[in-house]
């Protein structure tokens, strides 16, 4: 299930807001789905930048602690992060705040670089030290080393050197910068709240909650500088071939967001339509694996004419419950999370819509739950193609070997899941939904065709990156 | 919205389970929706009973603390509670464990007595002391004072004296007792896990998660004693007129539960059907206030032929976020909780299905949110009649004066909410859905007709009950 | 060492103070040494009593939590408690607050009853229930059952029925009561702060910190009622033979307190003098086991003419450090607590003054530490006789069988400790220090002669009392 | 009082210990007095280094958290730190662990550099970034930039560039390094536990608790490398003029430690002797401000022949109690901390020995407390000269302007404190106690003569350093 896939970040920036920090916290709440392991903000009052980071949810960070309450300023950036390592880790949380030759600088980053390790090794050779395993620290080193006369040029020069996916915010004492990689892999949008308040966010849902008006996306290769002089736009590189992450539509982004110029909800629905066309089913009802597959399931229902039903209810209290192996049967964990509605499922032929399959183990237990609730037939329809390749641009899959699509054929997977039929939306189906612009997207996790190239790394460096710090 | 109404409790009991405590914790997780303020268990190993209670969720209680890990035994009762007072309060949490003349006894209670204060005053006159404001303490005093020769008779004698709603579990060193008031106001069901393990729970969803098989409901007026001799059934009083709480169907119980012999999901759907018949609407889509109104909305959609859509997405991370008045506009709080999907709502005529209206203030903000997302028309359909009267049997409404139905006509409420039309399911409509047995239910919060009588209390006593303790 | 002996409580009461709660918290801080497991207060504003209790130190309780900050009133009682069971336990903390026929009543108790179990069993037979294993609950039951017309008479009647040691405070909506058992086992004193503020406390050190003036001790058999009518004194029983706990002087009370009409410091010093007379030593220096034996060691030094030195420094940061068996040698724990000053100890013949010996195991490790620091000879001098008997009046020793004096002769103990000589102050020596009033004290833990009689209990009841609750 | 002065750090290192981490934690406990704001460790298993840091005491860090329990390895360094900024700050805690060109490196530092800001600015100009305000980060940058072929040479080269006080530990994957500045300002000693385990610590008391044998001090200008090849010694610079911090003897170090080749206890006692000679008093008793002045007070007592008494008892439970201004009088805070023993003080002429005076405000309240306890005369004797100058080598005084000696003459101070006489040990007296080597010490905080030079800093840089981070 897609909740085994993790985006690494959401970012937010507020310039000149009367209540910049309050607004940023609101915005971070709206971006909570992009990372729940740590949250942080950096705020400038025009003279100095202060930062505050904590493990856990945005609500945990924004508690009325003495230190949090002391933060003040009119420019703020914020970050919410999913830790890719097992153990969470404050030193890897963001924004990172540094002193460098021109004063202070903070960075918040969403995405993943493919030449970070090379750049890092080079800079280490030249005497640099690294305190985190964040790509973001690489940006800061590059900027600090730049000999350009202005900060905007220093940033631009640095961005030219990195390869990979980045939607970035920088905060200096008096300026807010926003930049997006030449391929536009991750979303980033600009909005205004009132005459003097500009905001930048990973998704438009953050603009909505702040009461800001969407202006436009930050363009691929664009570097925007927001200061008292207004909003200035620069190009740090020629625009590359567009490669927006299709998974933002499939699972990551909130359905009420508009990213890459499309409504997430509308596309997720279109995937359901197309899925119904590609893989029809003789069934009594369509149900979804809540909540992320709801929209695709609705799409499937509408296109197929099979009624949509709520057959599984998600238990939102559960959190990180400790369940000992002894507690009930093997399925206790999935039972804690999903409640099958027997009255809906009993004696029915069911289409179960899921947004993606990763390992398949949880889905298998869910199928068994639905079976036990009396379902007559179960037909799984997945609104994305089989995931077969790692993402080097900011998604965190379970270990490559654990991906079921690398170990089993569709038929073997069907048997493993114990369902009557299994159908995935095809890559072509997906492309069809994108209408006139199918080539503007990255489908690498399905196809293995990496538009920005694969990760440049070496075994040794990878070893180094596994170290723990606090 | 119904989330301003609180049930006071969920109860669970496990007899002779190899992993009685683990099972009870699983069951409590499934009953978490019935109370999130405190959770507790009492466990007997046949010689002594130990108890553990804590404020917060079941997951908080079941952390691997030294004291929790030390609990052991083969009989267990558990409780989850919504505190009716503003500040939560450990001394009012359950189970309550006492010493009395026959050893130890623990109690877990769902419901509300109407003669608790009278009984309490009488016993106080005779020299009793009370340490909590729980009705449950009244049961324990009555039992401890009974002169009957056996515990089952002592309990039976005591239950005869109380009036009101109670689904009760008692735990002695070697026995588990379950009882239900003569009117069967609150649900309580019996299940078996294997040959030697019997379980009792407020709702069947708890049976499902434990892997137990539903056997039957505990009957009104029934007292069941589960011991090494098996399951014995007694009647402590002649059965009264049935008065099952209709609100269990409307909002409280989980849709995947079967209570009062009906599937909650099926009835909630029927309410939607009937609502569509009573209050049709010319609209493009039907949406619900998630998650509690989803099923009724589906029912409305099916009956009306208007397509069901997901127009609001509920943010489950939010928890008890602190939002200062300064943070964004007045609607920030409802914005944090609900995300309107603009693509779904824009330029649409919308039927918004809600399960109930209490104060109307949150709903009003939600309407404004939907308006701002571009909805052309909003037609609110409520799957329950206007709430006008207090519940004396275990529901906790906001202050009587705050109920919007006591202050405004339907038309005034419509204007207050700022919607194009407003329709409530009628009491008759509700009764119709109950088919051959409409008189088996309590509709007092809508009608003011109290089948068990109103609360017997006095101003002074009420004052006393407001005191805080830890 | 005496820190293996625990007093069960300290109590404080403030009447009519402008800042009654603040004063009580200050006073509780001064009584922290009498109990560190839980702390609590009950406050009345004249109409209702609210209480707040928490596990841990007074500082933990008095944190600025929402609930604590909400407490208000002009009459307050407070309590600090050492839990006698391994696991701490909120339900056994005090003050206990109840509802009874006349309204509310709270109690805070220092001491131990010898007929609590009998009274408890009797009341249970008559239908009472008990929620804690506190003797204090017994008082409340007795009062609630009294048929006397006024509260002061109800309390007086109840106190007549209990046997044992009690220094008690009661709080009703408008009155503060203080009472002391007929033998005056535990201390309790009265002070005034200004014209309208009266205070009661276990020790005068609490008066000092509140800025109150000591007026007099609450007398044995006295019941004092402090109300808007002033301070009224009653006798609830004829005064018994005085039996002040001699251990209050030896170890429990703070040296800066004045209890039982004597300065603790002066007597502790006298014990040292007498110890030097009874057990002289040829030594170079006198050192103490800090901090509780400092005063006695000074007394020994002065009387013997041997210079007092600081040879051990106590590490106060240590708290409840977890030390795995693997961490260093067996003596790590005592090493963490005491730092031997090599320069002082090396090549010296040392008199080590300790206030009491319980099990002897820690002292043995301390001796080894001193040896390793180069001491030439070690002569232990103990400012109390060997502890051989349990205390039924409020002290909590380790298990009876663990007392070294019950297992070994003085000579065997000396060998076990590995010291050159060992001398205990004799009972007669102790009595001599009390000058004209040696018979006013209880020496039962040394002599086995129990002035109030021994604990009346039965095996079964004792079993019951071991149960855990929260 | 000296508790207003803070040392910034204690350091510990263990090489090849079977239980390196356990030993380091024990050692850190013994160094807890050198810093209570944060604690941390870095451990190498020969392949990778992992670190763990937390705010608060060593006991807080060493709790059995999942992450702490996972640390393993045979080489470990540890650090305990007093935060100089008001708000504590995890990013400034130590050890700092970095990646650099040769792998990983961790550092733990005690002391203060005087050219850190210059070095920092230079490196920032060259493109370096700084994430903390620690001097320690400067060392890491210097090492990472070194072009020398071996790590030991890289470290040596770097140490040559820094000026100021440093007792340093470095940890690489396979080596433990210890270094001390050419003036030997802060202590650092070497010990062995068994044939294969070497340890390094700020004070010998840490050796004692680990069961290690003291070998020798790390010499000024010495760089020691402990590896599987044994212990190798290098000189990174010619030895400078010795400038051991005299305040280590006066207040910082534990009396049971031996530093700079002398027992702390013995010298603290000598200060008391000399103080008695310089400032005799006609008094009945000598008391100390516990616990730090105990030894000096004993020295005064012995030299003067006036008996030593315990007139103040320190309350160790108090911690960071919140006392509202409303709670009792202005003196409540000092009252919570110190209990005057009336029986000792009443009608006596008292010599009160204190180790140092900083602001004088707390001492003034303490004097008032002693007066109220009935003292007839109070003569303050201070075992150090008046503090008039800031320390640039690792001590943290309150703001320069707040030092009473900069605002008042001795006579004015006497009046301010409200005592009958006031005498400070003179610088000459202090020097006399150091016997043949008075010039080996730094007295700059008294004399203003800075043996290593004053801090090189600029206003701007100082501004930068005040920023907060987490």
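By written order: A, B, C and D. Residues from 1 in each chain.
Keep this in mind: a contact is a pair of C-beta atoms (placed from the backbone, for glycine too) under 8 Å apart; a residue touches a chain by one contact, two chains touch by 3 or more.
Owing to the predicted nature of the structure, the values given are computational and were not obtained by experimental measurement.
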| item | value |
| --- | --- |
| Co-neighbours of chain C and chain B - touch as defined | none |
| Centroid spacing, where centroids are CA-atom means, of chain B and chain D in whole angstrom | 60 |
| Whole-Å gap separating chain A and chain D, where each centre is the average of the chain's CA atoms | 47 |
| Separation of chain A from chain B, taking each centre as the mean of its C-alpha atoms, in whole Å | 37 |
| Residues within chain A bordering two or more other chains | none |
| Touch relationships between chains, expressed as pairs | A-B, A-D, B-C, C-D |
| Residues of chain B touching chain C in the complex | 40, 48-54, 66-67, 70, 87, 90-91, 96-101, 103-104, 120-121, 124-131, 140-141, 144-146, 463-464, 466-470 |
| Contact footprint of chain C on chain D as seen in their complex | 19, 22-23, 25-26, 29-30, 32-33, 36, 57-59, 62-64, 205, 208-211, 254-256, 258, 263, 265-266, 291, 294-295, 298, 302, 307-310, 313-324, 326-329, 332, 335-336, 339-344 |
